[in-house]
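By letter and in written order, the chains are A, B and C; residue numbering begins at 1 in each of them.
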């Protein structure tokens, strides 16, 4: 086993991890502010891929899909928040979780009804096929692109949260919703927007993952569990945790598939178990969240 | 969440009427449950459905112990039910172990799994608990899926044949659906009586206290972590028992018993019947399975119905059928 | 006024039953308690007072094991109990009431006290019926003690605020504590109710050590054996009510209030 191969596999892990990062980021963002775990998150991911298929069919442009998918699905997420989740605020932490689980089933089944149960091919866009010579090894262009896009989104999100007035409100709201209310901000609108951003991120991850994972109704099912593992490892509600844990999980899975392929699926759970033993709140978990 | 003890208490003053009846039923809950379950084959279109209701009712009862009574939302109970099924089925199918040894083996394996899963999960609370139990149940799913030589992998475990059961010189033909129902009914009856006993024990009171106010329970001197762990293990034993009976009932163990959707189903059944109520589990199982039987004839999109049911229940009837009924009677 | 003499034999020895040593508590960059050292004699009634934001609640929470101090130690009967889990403290004989009423809201008054009393004898008993524990006498005695015997079957959420506070005390007493820690037991009470509560506390003090946190200085001056004054997270003064009344710094801090 050469060093090159290990390095290549680590790089592949990072590319794989970007999907985890995007999904977990949305989940964590929603949790951080609304303290609800969106069990339908993975179905918004799947929906993203399907909307991507539609946009691609209509416009013929992958780039248009990248822009439109998060907007369309994010808007749908906002509708769900307003109509279904809003009545449950203040009614205990389990209720939104159960409701979003039901919502996830509905989305899944509706997609089966309207788009069929068969998978739909989703080709890598022309410009991103092939591989790039990175000096040490050749690396698929599309995976490199994934890393680039995710990095760009992280920077944009960071800028939005840290440097804009809206970001300030969101961060303050995550710490103490009452203070934001006292300051005269309409908190419900902040929640709505955050839910939209979270589901939009999941949808974007879905369309980005489509060329690698394929498009089929059940594509979201493993994603939910993966996102949970990432959030548990990174720490609930921590965005930095979601990023680092997402990449760590990606690299772990990718490395295991190189050295011990039978354990590939289980490796992320073992990582989670180890983290839980030593840091029950995750790597970057805040103390208050669980008490 | 409806407290049945308070229903009984409220009714002691006003004898007679619906209130009195509910109080009477609550006081003799084991007897009432058994009488209704004994009549169940006559209330369903065919016996196999009655067996399913019995088993899923038992499963939901075990799940209810932690979800309804202790207030912990597990999303990984499929692992415990499924391991009960495989733990009982594998010895029978692969090693020719007699059923009366395999059944306790299934329960023991589910119990062991709940010791391990519980150890990890009880360190967290609320939604975190739900996420961790779900993730750990997936570990069980994938392991079983990959261990084809022992479990049959994707195709499920075949050949769990228990054609007849002999107890105390009596011979029961398990291929006769009615006989099978009543044999399993006897097993279920033991579990129901045990369950009621636990609810009525001092530990049952601790569980309620935990659900009502963890902080106060701690200040009173209760070790929260251990109480939660024990509750999880007990719940796992009951769920595993249901799983073991399921293996004997079906003669196969489908891999779907371990699927996360199975965890959601038991949650749905419990919610539907009324979480934290004694009869809720069986009422929920009856309605759910009857509904499934009707709907799946008409359409393949059963999950759409379940999803909608989830949303409607949570938004409008979080107490479920028996819980809403109790509230209505008391009001 | 200060004629109250504790009856407990432990009081005679004058040994401290609880003590804190160099306790510091920080929350992020904020220091809520700064190097507090004091001790509490057995059998006495000690009040912890101080203006808003003095660190009273933080001190109470450190003392009752709600959270560990950032630096320093807490002792009970000479044993270091810093970081001991709450449920174990209850078994050692430290009980507390919460500032914000903290009961089992959907259970009855009787059930609330009963579950608390049960902790002494059956925590993991799966088999015996609850009724077999013979707790009723204990529960009735406690309800009588706090004057809630006529409300035993009512649900907690139907009780008046003052009654809930009394129930809170009964629940704390159920584990037969050696030390009773009370966090603002009169919070939200009318003057009459507060006076009744203070009478009750005095009675309870006859059998055990009581440490209470109180915002209203006037209420505790008359009944306390000893008073500890906190200010800005530090210990400003401690002593008898007369000592405190004469204390220059305390007068300054409480300026405008009749000391």
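Quick notes on this structure:
The rule is short, and it goes like this: contacts are C-beta pairs under 8 Å (C-beta built on N, C-alpha and C of every residue); 3 or more make two chains touch, one makes a residue touch a chain.
Just so you know, these numbers come straight off a predicted model, no measurement behind them.
Path length between chain B and chain C in the chain contact graph, taken as the least number of steps between touching chains: 1.
Closest chain to the protein centre (all Cα atoms averaged), using per-chain Cα means: B. Distance between Cα centroids is largest for the pairing of chain C with A. Inter-chain centre distance (chain B to chain C, centres taken as mean C-alpha positions): 43 Å.
Each chain gets a centre from the mean of its Cα atoms; for chain A and chain C, those two points are 48 Å apart. Chain A and chain B have Cα centroids lying 33 Å from one another.
Interface of chain C with chain B (complex): residues 64, 85-88, 90-91, 95-96, 98, 102-108, 111, 114-116, 118-120, 122-130, 133, 153, 155, 171-172, 174-175.
The touching residues of chain B, when paired with chain A in their complex, are 73, 120, 123-128, 130-132, 134-136, 138-139, 142-143, 146, 260, 264, 267, 271, 301, 303-304, 306-311, 314-315, 318. Residues of chain B that touch chain C in their complex: 1, 3, 5-6, 9, 197-198, 200-206, 208-209, 212-213, 215-224, 226-227, 230, 234.
Every residue of chain A that touches chain B in the complex is listed here, in rising order: 31, 36-37, 84, 87-88, 91, 93-95, 97-99, 101-110, 112-113, 221, 225, 228-229, 231-232, 236, 262, 265-266, 269, 272-273, 276-277, 280-281, 290-291.
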